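Here the chain labels run A, B, C and D in written order, and each chain numbers its own residues starting at 1.
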Amino acid sequence: MDFLFSFTPLIPLFPLLAFAVIVLFTYRYNRLSSDIAIGSIALSTVLAWAVLLATLLGGEHIQVEGWQLRVPWLPAGTTVLDLGFAVDGFTAAMLFMVPFVCLMIFIYSQGYMKLGQPDQDPRYARFFAYISLFAAGMLGLVVARDLVLLFVSWEIMGLCSYLLIGFWSFRKADDEHHIDEAQVIRARKAALKAFITTRIGDVLLFSGIALLYSYTGTVTLREIFRPETLETLQTISLLGMPAVTVIALLVFGGAVGKSAQFPLHVWLPDAMEGPTPVSALIHAATMVAAGVYLVARMLPLFIAGFEVADAPALHWVAIVGAITALLGATIGLAQDDIKRVLAYSTISQLGYMMMGLGLGSLVAGIFHLLTHAFFKALLFLGAGSVIHGVEHGHHVAAHADHVHTEHFNPNDMKAMGGLRHRMPYTFVAYLAGTLALVGIVPFAGFWSKDEILAEAFHLWRADGALNLPFWVWLAGTLGAFFTALYMGRQLGLVFWGEPRHTAARHAHESPSSMTIPLIVLALFALLFGFVNAPFLGSPLHHFMGGVHEASEVVHAEAVPFNFTVAAISTVLAVAGLLLGWLLYRNYRPGQVEPFQVVLGPVFTLLRNKYYIDELYQQVIIRPVVWLSNFCFNIDDRWIIDPFVDLVGAAGRVASDIVRVLDSVVVDRWFVEGTAQLFNAAGRGLRYSETGRVQNYLLVVAVTILLLLGLYLYF
Amino acid sequence: MAIEQALQIFVFVILTLMTLGGGLAVVTSRNLFHAALSLILSLAGVVGYYVLLDAGFLAIVQLLIYIGAISILILFSIMLTRGLMTPRQVQRNEQWWIAALVVFLTFVVLIVALWQMVWPIADDEALRTPNVAISQLGEALVGPYAIPFEIISVLLLVALVGAIVLARETENNQGSHAEAGSSE
Amino acid sequence: MAIPLSWWLTVAAALFAIGLYGVLSRRNAIGVLLGIELMLNAANINLVAFWRFITPQALTGQVFAIFVIGIAAAEAAAGLAIIISAYRRRRTVVVDELDTMRW
Amino acid sequence: MEALIRWLVDTFPPLSEALARLIVYVLYSGVLAFVAPVLIVVAYTYMERKVLARIQDRVGPNRAGPLGVLQGFADAVKMLTKEDVTPACADRVVFNLAPVLATVAAILVFAVLPVAPGVIGADLQAGVLYVVAIGALGEVAALMAGWSSDNKFALLGAFRAVAQLIAYEIPIVLAILAVVLAAGSMQLGAIVAAQDIPFALVLPVAFLVLLVASIAEIGRSPFDLLEAESEIVAGYHVEYSGMKFAFFFIGEYMHLFASAGVITTLFLGGWRGPLASSDSLLGVLLGFIYFVVKTTAVIWIMMWVRGTLFRIRIDHLLDFAWKFLVPLGLILVVAVAVALKLPAVNSPALRWIALLGANVIAALLMMIVISLLARRSRSAALRAVAGAD
């Protein structure tokens, strides 16, 4: 069956081709375009599963050593930059999930973008081109053998997320699609925010890769992870730390940006401005998974850092993960937008994955990534279905009343209610997703979340003291409770109670192209957890656990099932779910929220997301804007006045000596003189921005000359 | 062999005069058209260099692309934007003396480095017979260097399309107007 | 070869310096482009000279020289298109006056 | 040439081989640069006048010498004695350089033409490419002349010239590429040696493309837009007179001969013919004669075209190049490449047949496309007419 591996390069290629074909040729034919996109991802799925099959049959050798294909890309002197493909157990596990979830989302999008209906999205074909490229990026990332291809795919995803989050920024205000000017601007800003925020991470990642290349002379992952190479990296000292720690932290920086970890998580909730399938794609299968995948892939680097440094990068991963998990879960309690709740839930779940990886357990983190992909895609698609139905209901209601009601936000949960009767399939699927997310036996999320918590618990007990694993475990368990709480609230608001708005009363079930993916994903949310269920012998551990087996800190063996941990988290989850549901199922619009009653000011804090956006606004964005304005103002006020004032002051020196002391020394010198000093500085500095390219070039030339001189002669 | 050596040096000196003289004329000439023609002279000198260095194919490619395509393109654009260029216009900006200083220093730094360096020159036998058949070059381009080669092709295509889009923006509007008019 | 490697490199360095001067001091955008062409050619002379003297059996030098020429062609096409486009909008090709980004 | 060098070394012992080589090549280039142009211009202007006269039912030159054979010399004397005018606003240096460059560009092509067995200036590995590259110098010369004259007709002529030359350079390259594929070499000597059957017979489409494009490249009727008297007076050399004009004139005829020579070399077997060989002086001479005869025949076809067809419009001219010749050339190159790589092609005879087949297929494909397009534009035109009613 090894011949199946040679299909690996084709897996990312098909969506890429679909992108090219749609953009170049079929962009005028909507149905054809979406069919091409779906067909290509379906082909990729088939191929990916074939590769998975080959890996399964290939036994331990293939699963650990892996298959690889080297594609020499740019021979440059003695080194050759490669662009290769590789498959091992880990990759194969990802290959099971990524294309399949993408396929479900693609099929769903066809319904969501209203193919063939009068209000079909005007840029329908383009949408499918973008998501195809997105999928190609993620698949390329997964099968990459070298950092070059990995980084290229990474950047493709960055671009696509920008394009897709801002997908509705090109629309004019438009009644048909419920789009107003403010939303267009929001979409634009959200796209920019996502792009710039993840860019911070990308720069870090790129510097990490560059450092790796400069120290090891190779970009091939497997060669980097050879014990000799890692040992060399451990001995080199950089910035007072071993180089390997620095590189690992840089790589983790990239993952923090992409996977929306604290403090770079701010872009993810705003990314909700894109169409809902995009949210599902970003949150489940592609974008945010990439960061976790990257950290998991690079785990040997982190481990190597663990062995030599005092404050190892691995701990940072766990700490950041724990913070993020709690942060996301608590913010999720206070949001009204159905998609935003899910977005914060994603952030929190990503925190769990990072926690798992930070504890050194590759399998726990990745297992949660896989299960999460299924149930989060399900939840998002379900949310999309709800929005779709409510929007439709709004449409119907507006027509029936013959009045155009005030602007209506179809995402607002407080305007929903009672939808379990109107949208039964969506409800059932959504319920399955919720149970999986909350972690109720036997849904997928239970097994994966439990494994992370068990891992932490196990490490804590092994040591005994109140060490890092203990705090991680505590954060995880608390997070699980909050997760259940906000999901209960959401269920109560959306599906129970009386309809709280005419739109909800007129909502109806979505078309089958949307419900079928929901049902399929619901099945996976129910059953997928068993691939690593402890009582089945944790098959996933055997499958992919050995990938990084060279390092000792990575736990290839499964932690034994711990009943205490499972019981605690399950009880908390059920309690949270019930509490949320009870408090909110009969909530009436206009009422004070039950949580607000209980939590008071804390609720406001949560509602405003801990003011992190505002903090960034104050601490980073404002000063920059202020500095610009400062320079600008100085410019305006400088030119003549101070001169006149100085002359006048000189006159006063002659006429009034007493006032001289007072006004000149105090006022002119100290007060205005200070101002003038700044004026002059600003004035002088602003000349550096001449806008003339040749001035800049001259600076470049001088710099290069200096560097060259330094390099050659000193 | 003495004659050949003498000839080579003679030719080298002449080519250097062409190349560097032409180059100086390119950067100092007040008349831009003359500057472009001097560029051709300079590039022709480089063609000669390639011949001297036994890179015949490169010489011809240089002739074809630099003189045949790029220079013509530059001459064309000079004519298209020529309304502004009275030949007597000052052609250098205020920072030229700093530039000259920096450039001179760069040159000195490079030269000193070049002459201090000991180059790993190949042994004499290999030096005498470097004749590379064009077919070898072609095979290299579609063999080990195939991917960069393709990338260059794509780059050229993109440049071509981009140049067309950039340069005919205004015409495009007129064109769409004309279409709109005709369809009514 | 009657001419040693260092001569070639010297000539190339001189041509590069001349081109750099052109890029830095020309007021006319097309003049700047001319300077860039000179610099690219200087680089090419170096590539070919190194190929001839150091690795005459490997083709890397020549191949890269060809790539540089190809890139130069693309650069000239795109650069001139930008210049013409700028000329259309601003009626000038003087680099000093194309300073929209000025403070 | 090698024979001549050997003979020199043998006869004059003090000569080293290098020196003898130097002498021979200097002499050869002297012949190409100073003797050939005069002969070619005199001979072919006379021929052109006579041929055109015959086509137009006139007598042609008949005063200077018997049957007017000395007409060319008379023209030359007239040209040289005319006043040499330089416009006041002209850019003198460039103005004076342009005609020289035009002539030099035409002469340089001869450096790689195998005019007789063993007689070739330099059998470059990339000889074919060299021919194309040198053509660019002519464009530069045209631009220089047009710009420096400070005359709007001259400038327009130069623009036209360059647009036309660039447009037609591409089909030329494509046609040549077909030959290169068939011959397996870019060396002109090797291409001649590969033509056991003249390529014109096995690559007729390429031959026609090259012929048509060459006519355009040297700016002869029906593609003589760059000097169309009725539109832009005389194009880029409108301001030239006397000796400098003579240079352009020489350049034009040299270019004509060179292009015909290239066509001969690439498609008509060059100097090949019965008994032509590099072994004996007679064989060499015979080869040279074959070459000249074939070249003259090509030139005659060009003159014939000139006498028969009318000038076409500039946009038609460019359309013809970009929308007909270039696609045709592309199809042809692909077809030839495929034909040569077919597994069944394993004997010379099969090779020729495969090549011919490729040509036929290319021509047919192009015809089909053209007819489809024509039908579409016809029906569009019909619809437009119907709509107007």
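The rule is short, and it goes like this: a residue touches a chain if its C-beta (ideal position, glycine included) is under 8 Å from a C-beta of that chain, and two chains touch if they have at least 3 such contacts.
Keep in mind that this is a model prediction, so the values were computed, not measured.
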Dominant chain pairing [most C-beta pairs in contact] = B-C
Interchain centroid distance [CA atoms averaged], chain C/chain D, Å = 33
Centre distance in Å when chain A and chain B are each reduced to the mean of their C-alpha atoms | 46
So, in whole Å, the Cα centroid of chain A is separated from that of chain D by 64
Report the inter-chain centroid distance for chain B and chain D in whole angstrom, where each centroid is the mean of the CA atoms.
-> 27
By residue number and range, which residues of chain D touch two or more other chains?
-> none
Multi-chain contacts in chain A: which residues touch at least two other chains?
-> 75, 692, 694, 698, 701
Among the residues of chain B, which are close enough to touch at least two other chains?
-> 4, 57, 61, 69, 93, 95, 99, 102-103, 106, 110, 145, 148
What topology does the chain contact graph adopt: line, ring, star, complete, or other?
-> other
Tell me, which parts of chain B touch chain D in their complex?
-> 1, 3-4, 7, 31, 33-34, 37, 40, 56-57, 60-61, 63-64, 67-69, 71-72, 75-76, 79, 133-134
Show which residues of chain D lie in contact with chain B when the two form their complex.
-> 16, 18-19, 22, 91, 93-94, 124-126, 129-130, 132-137, 139-140, 143-144, 147, 155, 159, 162, 166, 169, 186
Contact residues on chain A for chain B in the complex?
-> 71-75, 83, 692, 694-695, 698, 701-702, 704-705, 708-709, 712
Chain A touches which residues of chain B in the complex?
-> 93, 95, 98-99, 102-103, 105-106, 109-110, 112-113, 144-145, 147-148
Flag every residue of chain C that touches chain A in the complex, lowest number first.
-> 20, 23-26, 32, 60, 95-96, 98-103
